[in-house]
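Heads up, there are several structures right after this.
Shared chain: chain A. Partners: chain B in the first complex, chain C in the second.
This part shows the complex of A and B:
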C-alpha cells in the first residue's frame, strides 16, 4: 500500500481549507468526500448544474475522491488506515480503496439535532438541514406551506432558502428568546460581526415575505394520518414547558425542525481521539490527543463555516508539517479561530436546548425512529434494569441499534433515560453501513 | 434521462437525487417501517438517518437523499424489511 501524504475526510469548509493549505506546502493530499460535489452542507452546490466550482479551484496536488464513503478508520503502527468505498451511494458495485497516512485530518461536520414530539415521525416532518439541502441542492421545496421550528440562527437561512424555491413559510418558531440571549454576551456577539450581517440579510428576506418570527414558540405536535396536515404550535416558558392554553393549530404540509447540531464523530472515535463534552479535544494546531490525527470544524465545537475554514487551514498546515513540509505559523487563521470560538460560545449560550422538550412527547411517541422504540418502552426498560451507560441503554431498550446507529436518537434517549456521556453513541466501528458482499471484498 | 418510479416512467436530470425526483413529483412517503408498517420518506436529507430507504435496481436500503439517479434506474418503494433480490 502506497502511503498518501495528507488524507482529509470531509469536503465542507474545514476539509477544503485543510486540503488547500496542505497542498500549498507541496504535500500530496487526498480529499475524501461523501458527496458528488464539494462544499459540504454550508456551501452546497446545485446538483443538476454542470461542474463543481470548488473541485475545479483545487490545487493540483489535491486528489478529490467524490462519492466516497469512509466506513472505517483503523489505527496501525505510526499511521492510520482509512477504508473507503467509492461509487453509487449504498450500491454493491462500489469499489474499495484503502488510504494509509501519517497525517489524517478529520473534518466530518455535523448534522441537525431533532427533538421528538407526537407525530415527528410522519412524512412531511423534516430536519431543517433536509429542507436546506433539498432547496439548495435540488431546487425542491419540501412543502407548499411550511413551519420552520427549533432554535438558533440557522433557522433563518433555512426559511430564506424555502422562500427562494417558492414555499410559503407560515412562521418561524424559535424556542429561545433570541434577542435577550444575544444581549447577555455582547463581546461574543461582536466577535461574530460578519455573521451578524448575514443574519440581518436573512431577517430582511423574512420581512419582505411577511414571515412571522416568534420567539419562545415551538412545534410540539404534528398531525395527519399518512403525512403532516397540521401542527400544534405552543408558547414555551423559559424551561421550554408549553404554556397552558397557548396551543395553536396551524395548517401545513411540511415542518422543518432544527435544535442545533450534533458532530459526526465516529471516525474520530474510531481513531481513539479524546472526546470532551461531546466534541473532539484539540490543541492550538488542531491536533487531537492522537499523534497524526487532526480535527477541524464542527467536530471540535459548533461554530459555523468561517471558524471551520480557519481551523481547517491550521489543521492542514499542521498535517503537512507532520509529513515533513516547512510551514509558517498561520497567524491570521489563528486569530480568526480565537474570535470564532468567542462567537461560538455566545451562540451556545444564546440557543441552549432546555429540558422542557422531554415533556412534548407522550408514552406512545417513537423516540428511536429506526427501531420504533417509544418513549414509554424506553422508560420502562430503564426502570426494570439498572442502566448506567449507553451500551446497556441500547441493549435493554433497543434504541440506537438500527441503521442510523443512534445518530438521530442518541442524545435524546440518553437524556430521557438519565444516562450521561451520550457521545458514547458515536462508537460505530462500521462508520457507514456497507453490503456484506462489499465486506467480503475487503 | 428516463427512469421509472414504481413502474411509471419519469423524466429526470443528471445531478438529481432519488429523493429530489420523488419530492419534486409530490411523493412524500416511499417506505414503510418494519414494525408498525408506518409510512416514511425523507427526514434528515443528508444521509444520516436512513429513514428515506428505497429500492434501486433491485437493491433495497438505498438512501434516496444521497443516491443520484442514473439513466434507466428502476426505483421502487420498499415495505418493511426487504431482502436483496
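This part shows the complex of A and C:
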C-alpha cells in the first residue's frame, strides 16, 4: 500500500478548501467524496449538466475520487487507513481502495434533522435537505404546493430553491421566534453580517413570490392515505407546545422538514476523536484529540459554508505541515474562523430545538422508520427494562438497528428515551453498508 | 424509585451473569442490590449472539453446567412471564444447531465428538452431506459431514438480562447503574459492605460478576483472580428472507473455542435473528481491552461465512460490533466463594458461553451461598483451583 500524502474525506466547502490548501503546499492529496460531483450540499451542482466545475478547478496535486464511499477508518501504527469503495452503491463492479495516511482531514458535513409527528413517514414528507438536493441537483420540485417547516435560516434557501424549480411554497413555518432571537446576541449577529446579507436576499425572493413566513409555527401532523394531502400547522409556545385552538389545515402535496443539522460523525468516531456536546473537538489548527486527524466544517459545529471553508483551509495546511510541508500561518482564515464561530454560536442560540416536539407524536407514531418502532413501544421498552444507555436502548427497542443505523432517528430516540450521549448512535465502525463479498476481498 | 440502604447481597456487574445471580438470590428470598458502573447489559452481554449451546462443548464440567442451564432457561422464562409479564420477553428460540465439516480432516474428529457427547446425554445426530443440505438448503456443496443438535438454542441477551433484572426489582431488589464498586469493607476479615462513591453499602455478601473486568474488581477487593479479556467481533447483515434456519458453524469452531492461542482465530458461525438479520462470527484475539477496529478480522469473518453459505456473498453488511469475553487459563467459569475473603463470591470466566450458562450459574451460586445442595458439582468451578488465584498486591 502506497502512502498518500493528505487524505480528505468530504467534498463540500470544507473538504474542497482543505484539499486546495494542502495541494498549494506541494503535497499530494486524495479527495474522497460520496457525490458524483464536488460541492457537497451547499454548492450542489446540477447533475444532468456536463462537467464538474469544482473538480476542473482543483490543483493537479489533488486526486478526486467521486462516488467514493468511506466504509471504515482503521487506526494503524502512526497512521490511519481509509477504506473506500469507488462506484455507485448498487454497481457490482465498484472497486475497493485503501488509503493509508499520516494526515487525515475529516470534512463529512452534516445532514438535516427531522422530528417525528403523526404522518411524518407518509410519502411526500421530505427532509429539507432532500428537497433542496432534488431541486439543485436534478431540477426537480418535490411537489406543486409545498410547506417548508422547521427552524433556522436554512429554511430560506430551501424555499428559494423550490420556488426556482417552479413549486409554489405555501408557507415557511419557523418554530422559533427568529427576529428577537437574533437581537439577543448583537455581537454574533454582527459577526455574521455577510451571512445576514445572504438571508436578506432569500427573504427578497420570498417576498416577491408572496411566500408567508410564520415564526413560532410548525407542521405537527401530516395527513393523507397514499401520499401527503394536507398538513396541520399549529402555533407554538416558547417550549414548542402547540397552542390550543391554533391548528389549521393546509392543503399540500409535499412537505420539507428541517430542524437544524446532525453532524455526519461516524468516521470521526471510528478515528476515536473526542466528541464534546455532539461535535468533534478541535484546536486552533483544526487538530482533533487524535494525532494526525483534523476536522473541519459542520463536524466541529454548525456554522455554514463560509466558516466551513475557512476551517477547511486551516485543516488542509495543518495536515500538509504534518507530512513535512513548510506552511505560513493562515491568518486571514483564522480570523474568519473566529468571527464565523461567533456567528455559529448566535445561530445555535437563536434556533434551538425545544422539548415540546416530544409531544407532537402519538403513541402509534413511528419514531424509527427502518425498524418500524413506535413511540409507545419505545417508551414501554425503556420503562420495563430500565434502559440506561444507547447500546441497550437499541437492543431492547430495535430503534436504530436498521439500515440507516440511527442516522435519522438516533437523536430523537435518545431524547424521547431520556438517554444521554446520543452521539453513541454514531458509533458505526462500518460507516456504510458493504457487500460481504467486497468485505472478503484482499 | 426508593434506594436500598443495605442488602443481603450486593451483585457487582449488571450483565447476564450478574443478572442471573441476582435473580436466583432474590428468588431465594434475599434482598439484592445490583451495581454497575455503566448501564445494565451494555458490556459483554450486548456484544454476543445469544448462544445457548450444547454442541460446542466436549464432555466435562462445562457441558454439565450447560445441560443444566439449557434445561433451566425455558423454565425460568416461562415462570418470569407469569411473574412480570411482557418484561420477560427474550426472543427465546430453540432453533437447533448444525455443525459442518467441509473437509475430510474435520469429519473424523466431529464424529468422535458427537459420540462422546451422546454418551454424556446430548442429542447429537450424525448427518450425511445431503441430509445436512436438506436441513439448510443454502449450505455449501463442500460439506463432507455434519452433526445436528436439536438442543441448541438462541435468545436475545440484552432482553434476557433486563428481564432477569426486572424480576429482581419486582421482588424488592434494586438495580443501580452509574455506580462503581471501589472495594469492600471487611469486618473480622469477612465482607461487611461494598464501598461506593460517597459511602458504604452494608451487606452480608458481595458477588463479583464483572465479566472480563472481574480481575480489576478482584484487585480492588483485595482478592485478585486471573480473568482476562478475549476479544471477538460480529458482523450483522441487512434483514434477509430466510437463508439460514439454525445456528450453523464450522467444525473447527470447537477447537478455536478451546484453544489458548494469543493470535487471531477465526471460525465461521452463521445464524439468523428474529428480525431477519444474519449474525456472522466468530473471532478470538487476546489483545487486552484494545477495541480498535481491525479490518483484517472483518475480512476473515466474511470469507469464512461465504465458505459455509456462498449465497451470502452479495448480501450487504450493515454493521459490526465487538466485545470482550471473560477468559480463564483453564477455560472454565469461576463460581464460588473466595477462600481469602469470606463473603466475597465470584461468578465470571464464562468466556463466550455466559448467555447459555447464566441461569445454572445463578442457581449454583445462590445454592452455595444459601448453603443448599447443588444440582451440578461445584468443585470444578471453585475459586482456589490451580492458576486462578493471584497474589494480593500490598
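FYI, the second predicted complex is superposed on the first by the 440 of 442 C-alpha atoms of A that agree within 3 Å, B and C clash if a C-alpha of one lies under 4 Å from a C-alpha of the other, contacts with A are read in each partner's own complex, and residues count from 1 in each chain.
Criterion: a contact is a pair of C-beta atoms (placed from the backbone, for glycine too) under 8 Å apart; a residue touches a chain by one contact, two chains touch by 3 or more.
Model, not experiment: these values are computed from the prediction.
Student: Would you mind checking whether chain B and chain C clash or fit side by side on chain A after the superposition?
Tutor: Here the two partners, once superposed via chain A, fit next to each other without clashing.
Student: Which angle, as a multiple of 10 degrees, do chain B and chain C span at the CA centre of chain A?
Tutor: The vertex angle at chain A equals 80 degrees.
Student: For A:140, using the defined touch cut-off, is the partner it touches chain B, chain C, both, or neither? Pick first, second, both or neither.
Tutor: first
Student: After the superposition on A, what does A:49 contact: first (chain B), second (chain C), both or neither?
Tutor: first
Student: According to the stated criteria, A:403 is in contact with first (chain B), second (chain C), both, or neither; which is it?
Tutor: Both partners, chain B and chain C.
Student: Quick one: is A:12 in contact with chain B, with chain C, with both, or with neither? Answer first, second, both or neither.
Tutor: In the superposed model, A:12 contacts neither chain B nor chain C.
Student: Would you sort A:130 into first (chain B), second (chain C), both or neither based on which partner it touches?
Tutor: After superposition on chain A, A:130 lies in contact with chain B alone.
Student: With both complexes overlaid on chain A, does A:112 touch chain B (first), chain C (second), both or neither?
Tutor: A:112 contacts chain B only, not chain C.
Student: Have a look at where A:83 lands relative to chain B and chain C in the superposition and call it first, second, both or neither.
Tutor: second
Student: Rounded to whole Å, what minimum CA distance do you find between chain B and chain C in the overlaid structures?
Tutor: Superposition on chain A places chain B and chain C at a least C-alpha distance of 6 Å.
Student: What is the shared patch of chain A, the residues that chain B and chain C both contact?
Tutor: 92, 371, 402-403, 433.
Student: Which stretch or stretches of chain A touch chain B in the complex?
Tutor: 34, 36, 41, 46-49, 88-92, 111-112, 114, 121-127, 129-134, 137-140, 142, 226-227, 264, 369-372, 402-404, 407-408, 433
Student: Considering the complex alone, what residue numbers of chain B touch chain A?
Tutor: That would be residues 13-17, 19-20, 23-24, 28-29, 33-36, 38-51, 53, 56, 59, 61-63, 65-68, 70 of chain B.
Student: Where on chain A is chain C touching in the complex?
Tutor: Spelled out, the residues of chain A in touch with chain C are 72-75, 81, 83, 92, 270, 272, 371, 380, 384-389, 391-392, 395-396, 398, 401-403, 405, 428-430, 433-437, 439-442.
Student: So in the complex, the part of chain C that touches chain A is made up of which residues?
Tutor: Going by the criterion above, the answer is residues 38-42, 46, 86-87, 156-159, 162-163, 165-166, 169, 175, 177-178, 235, 237-239, 275, 277, 280, 292-295, 298-299, 302-303, 305-306, 312-322.
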